[in-house]
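Right after this note come the structures.
Here chain A shows up in two complexes: once beside chain B, once beside chain C.
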Partner chain A sequence: MTGPAQWGASGIFVAYGKTVALADVSLSAPAGQVTAVVGGDGAGKTTLLRCLAGALAPDRGSVRRPPKERAGYLPASSGIYPDLTVTENLDFRATGYGMSRADARERAAAYLDRAGLAAAADRLAGQLSGGMRQKLAVIAAMLHQPELLVLDEPTTGVDPVSRSGLWWLIAHAAAQGCAVVLATTYLDDAERAASVLVLDAGIALASGTGEQIVAAMPGALREETARPADTTRAWRRGGRWRVWDPAGDAASVRPDLQDAVTVAALAAAAGQR
Partner chain B sequence: MSPLAQCAGVTRRFGQFTAVSDVDLVVEPGEIVGLLGANGAGKTTLIRMLLGLIGTSEGEVRLFGEPPSRRTRGRLGYVPQGLGLYDDLTLAENLAFTAAIFGSDPAALPAEIRPYAKDLVGRLPLGVQRRTAFAQALSHHPDLLILDEPTSGVDPLGRARLWETIAEAADAGAGVLVTTHYMEEAGECGRLVIMADGAVVAEGTADQIVGASQSVLVQARSWSSAFEALEDAGLQVALAGRGLRIPGADPARVLRALGDRPATVRQVPATLEERFFELVQQGSATGATA
Partner chain C sequence: MIVKEFRQVRRDRRTLAMMIVLPVLLLVVLGYAASFDVKTITVAASGPQAAIVSRQLKAPFDITVTAPGQGRAWAQNQLRDGKVEMAVVTGGSKPEVLIDGSQLFAARAALAALAALAHNGGGLPVTPNVTVLYNPGLTTSDIMIPGLCGVVLVFVGTIITSLGVVRERQSGTLEQLAVMPLRPADVFLGKIVPYFLVATVDLAIVLGVGIAIFGVPFRGSPAVFALGALLFLFVTLGFGVLISSVSQNQGQAIQLAMMTLLPQILLSGLIFPLTSIAAGVRWIAYFLPLTYFNQIARGVMLRAEPIGPLWQSFVFLGLLGVLVVTGATLRFRGYLAPAGREHGGPGGNKAVAHPQGASA
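Now for the complex of A and B:
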């Protein structure tokens, strides 16, 4: 495919000793788009993002990413100095990126203002709330307008108001043409992204746009009001039960992304037994 | 019968700062009440008053019809954000310790955590730790469960399974008060209470709270160009998959801002999160003028 740059990973394997962290995982991160990597703890999200950011070389497979100075990376530990102020953190980062101080200050001021951090510019980063610190960390990672922005769980533990500020920063970076990849445990976040990769225990369970993942869901879903006798293929949703029939074709409920991702996990678990 | 938990006109001040302001809240047997709010909205202070860890400045907190005490604590199960487990005890020792404190029999381990019984909790995956914290909070069959962001870090299927555990406790007659930052979880609660700046700003089912609120959905050929045009027009734009949403906007204004960019624009019902924002912003505006 021609067109804008497409970063990503292709068929990568990573093992830590005997533990397989990623097995044949691929991800494409097109420019000007947000791609979400969804999964719980131990799914392999951080390993995949470290590979994309160039912080870890996969055992096998290939990674396409821009040179380090044109990438931005927010690791799971936010990379912010608690004993520097907000402005000092950003100045320090700008120097590291080789930006002129005037450019960096101008851009930082705009981001801080839009993210609701302007009043905190002179506060020590260590005194910020969790949500404010995450916004600062994302600003620090995107200050040099990278071509690829890799964010490891930017919204975890962040309240909805700060999360909205974070998502504005993310959308802004993508609108400027940046390829954004972010990890999350929540489908609330995934639904905002243009495409989604669902990871579980190092394996890709599903990928594509939300609509594609829903359309690819095998079998059919029905809704029941009472708890079914067998709950291995059933789960609660909004006070009712969703039951997945792998061979069924007569659905009584239209699945959404949350349903499709749950089914993918159930199908993978059934495959392991 | 009195409610399991009841706050009546509860206010809590720390010096000049009012953390909780005139809050009424009731949790009845068998219901799951979701407590939503931004950081600093007063959720944690309210929970600390319900647990009896701090007192009120004004108003009254009652648990099972009496003021919070060590006796009421015995009928209450609590999962804090940090889980409250001892990393250097095994999973079974953690549960035995809790059982000894509550004077209850050590609970049978749920099947999914049984294989880890002899492992130190600090070395267990977070999902297993979270299951253990749930088993610990439920082991003395509490009448009221208080859960502070119970599913953070859990994958969607694991989260559905934890919510089954929560719902089973409610079906068995326990009342549940749960805080969350995520709207996909708020949908699992029978009733929601939204707090902003210390006060309750909305209460009801998710549908009741969303009410007739609307959003504008934009599907543009170039989303980035549409995003910039809408931003420049001073509209609050949010990403939504391959589209954009502008909560509460006038569609005519959106169309004007888009100019001749190819796009479809339609009004859609607001999401709970969008309505939540509206309420929180209104709450802040009122708070600022007060």
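Now for the complex of A and C:
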């Protein structure tokens, strides 16, 4: 008996000219779960998601994804036509994926209603706010109920209320058995995911559940109220400073995912020096 | 501000090229092309005195064919089929000179040369009856409007199509199309069919206005004209997609589209007669689709030219179409089938498929 479908990538390598965007990165995206890819600018998140979605062929490695008909993709640019209305955008997407008009209209109406976009159904997408447009883009990507849903930074630049609406849509897709992979720069988004892949400069720094990544963090953290003299291993959290001691074993503060990801990036940078 | 502007211009190679190379290129090309002077007028002579006429007619007339056994109908067919610009029919009480009015500048030059030869000697011994065919009033609009139909098609086919495709690319929706279960051919056709239909409507409007308001005749077969327009549109739409595939944004697409439009207007014979353009520049005309459409449109509309004598124009237009559309399709596939490279398929240019503004 085979288990639930597990999409993902194994050892993929992508270079743009001499710039390595991804170096042997692997990712598993189990069905019914949200997998987050986190990292800063230039980490390789978009490249990895484009490979998963089939928009880009990696130089090496393999990608496991369902046929195009059963995959959904939200590119970083949203993929929405600004000069079509909300309904027209969804109609076009439904037709492209071979959905019946009745099914598409019924499902779209339910999603739009839940996302608070029902009243904007006849508005041009270009006239929507950033958050509304992102919600529309996510609805368009999941309208055909894909098995793999790839979302490139769906919550970037979106207000907290709209983020909540977006997360309802994402969680709904996962609850229906879809494997959701999303890229984000927000670690609180990553904390909502079942598993996380941390990328930095095209290299996978850590992967696993949030707890696993935190547990695997090397060294210890301490918290200081004043700015430390040496800030190479320190960062500000709220009004205080966190300082990472790679050799330390007595932590004065319990790290969270944000701390663990920052430490992973610092450790990788220290290894390169 | 000035330094910033220079830095930006220096990095925009295409604009830099347009600013420096284009003026020089235009000056050289226009210098050789911009000529209404007709130095040679090709002539056919028919009837029993055809040989005598061929000896008597001096420059600028150039007798290219004599047919003593033929009459007026043959001579007129020579004009209709665009083989010569003037014909002399002998055998009557007076020779009859037929001039092709659809070759406006050649016709005017022929009338002026006949008058000059009659005055100075060196012409026909007997003052001939002169008939201007196909455009008796030597009206400019009659010869311009058939060609302008082609310019309208270039505008819609090349400029608007290139903008439509590059807009998809710029907004990132082309990448969305690439991952949807659509074949590249579906997307290609879906993109160009609306422009094809709009261009067809535009063509009908321009033709209607030309005929109704400017009184331009339509003497030939609408089917032959439609076939020529169809082939021409095929080429211009292909140019549009090709341009969009090498343009990063709409500004670049317009720049390139204008660079294809300008030589077509100047060198296709639409304004300056092809025979007046210096041979060093004239060869460019034979790579321009408007050259062939212009020949078809003028031939069919003004001279009722059948498809037979126009075969070369149709063949060259068809070859250009195959060349351009194949190139455009291959480039387009590169955007829409990047995953194909995994399986050794065509296209899949990773670098060009990278969307603008997307961070890795």
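Observations on the structure shown:
Definition applied: the second predicted complex is superposed on the first by the 271 of 273 C-alpha atoms of A that agree within 3 Å, B and C clash if a C-alpha of one lies under 4 Å from a C-alpha of the other, contacts with A are read in each partner's own complex, and residues count from 1 in each chain.
One rule holds for everything that comes next: a residue touches a chain if its C-beta (ideal position, glycine included) is under 8 Å from a C-beta of that chain, and two chains touch if they have at least 3 such contacts.
Computed from a predicted model, the values in this text were never measured in an experiment.
By the touch criterion stated above, A:Leu266 is placed in contact with chain B alone, chain C being left untouched. After overlaying the two complexes on the shared chain, residue contacts for A:Gly42 are found with chain B and with chain C alike.
Contact with neither chain B nor chain C is seen for A:Ala247 once the two complexes are overlaid on the shared chain. When chain B and chain C are set side by side, the one touching more residues of chain A is B. Of the two partner chains placed by superposition, only chain C is touched by A:Gly96; chain B is not.
In the superposed model, A:Thr185 lies in contact with chain B only, and not with chain C. Of the two partner chains, chain C is the only one touched by A:Pro75; chain B is not. In the overlay built on the shared chain, the residue A:Ala229 is in contact with neither chain B nor chain C. Of the residues of chain A, those at positions 41-43 touch chain B in one of the two structures and chain C in the other. Listing the residues of chain A that touch chain B in their complex gives 32, 34, 38-43, 129-131, 156-164, 167-168, 170-172, 174-177, 185-188, 191-194, 200, 209-211, 231, 235-239, 258, 261-262, 265-266, 269. Within the complex formed with chain C, the residues of chain A that make contact are 14, 16-17, 21, 41-47, 50, 53-59, 63, 67-69, 71, 73, 75-82, 93, 96-98, 152, 202.
Considering their complex, residues 171-173, 175-182, 338-342, 348, 350-351, 353-355, 357-360 of chain C touch chain A.
Residues 36-40, 125-127, 149, 152-158, 160-161, 163-164, 167, 181-184, 187-188, 190, 223-224, 227-228, 237-242, 273, 276-277, 280 of chain B are the ones touching chain A in the complex.
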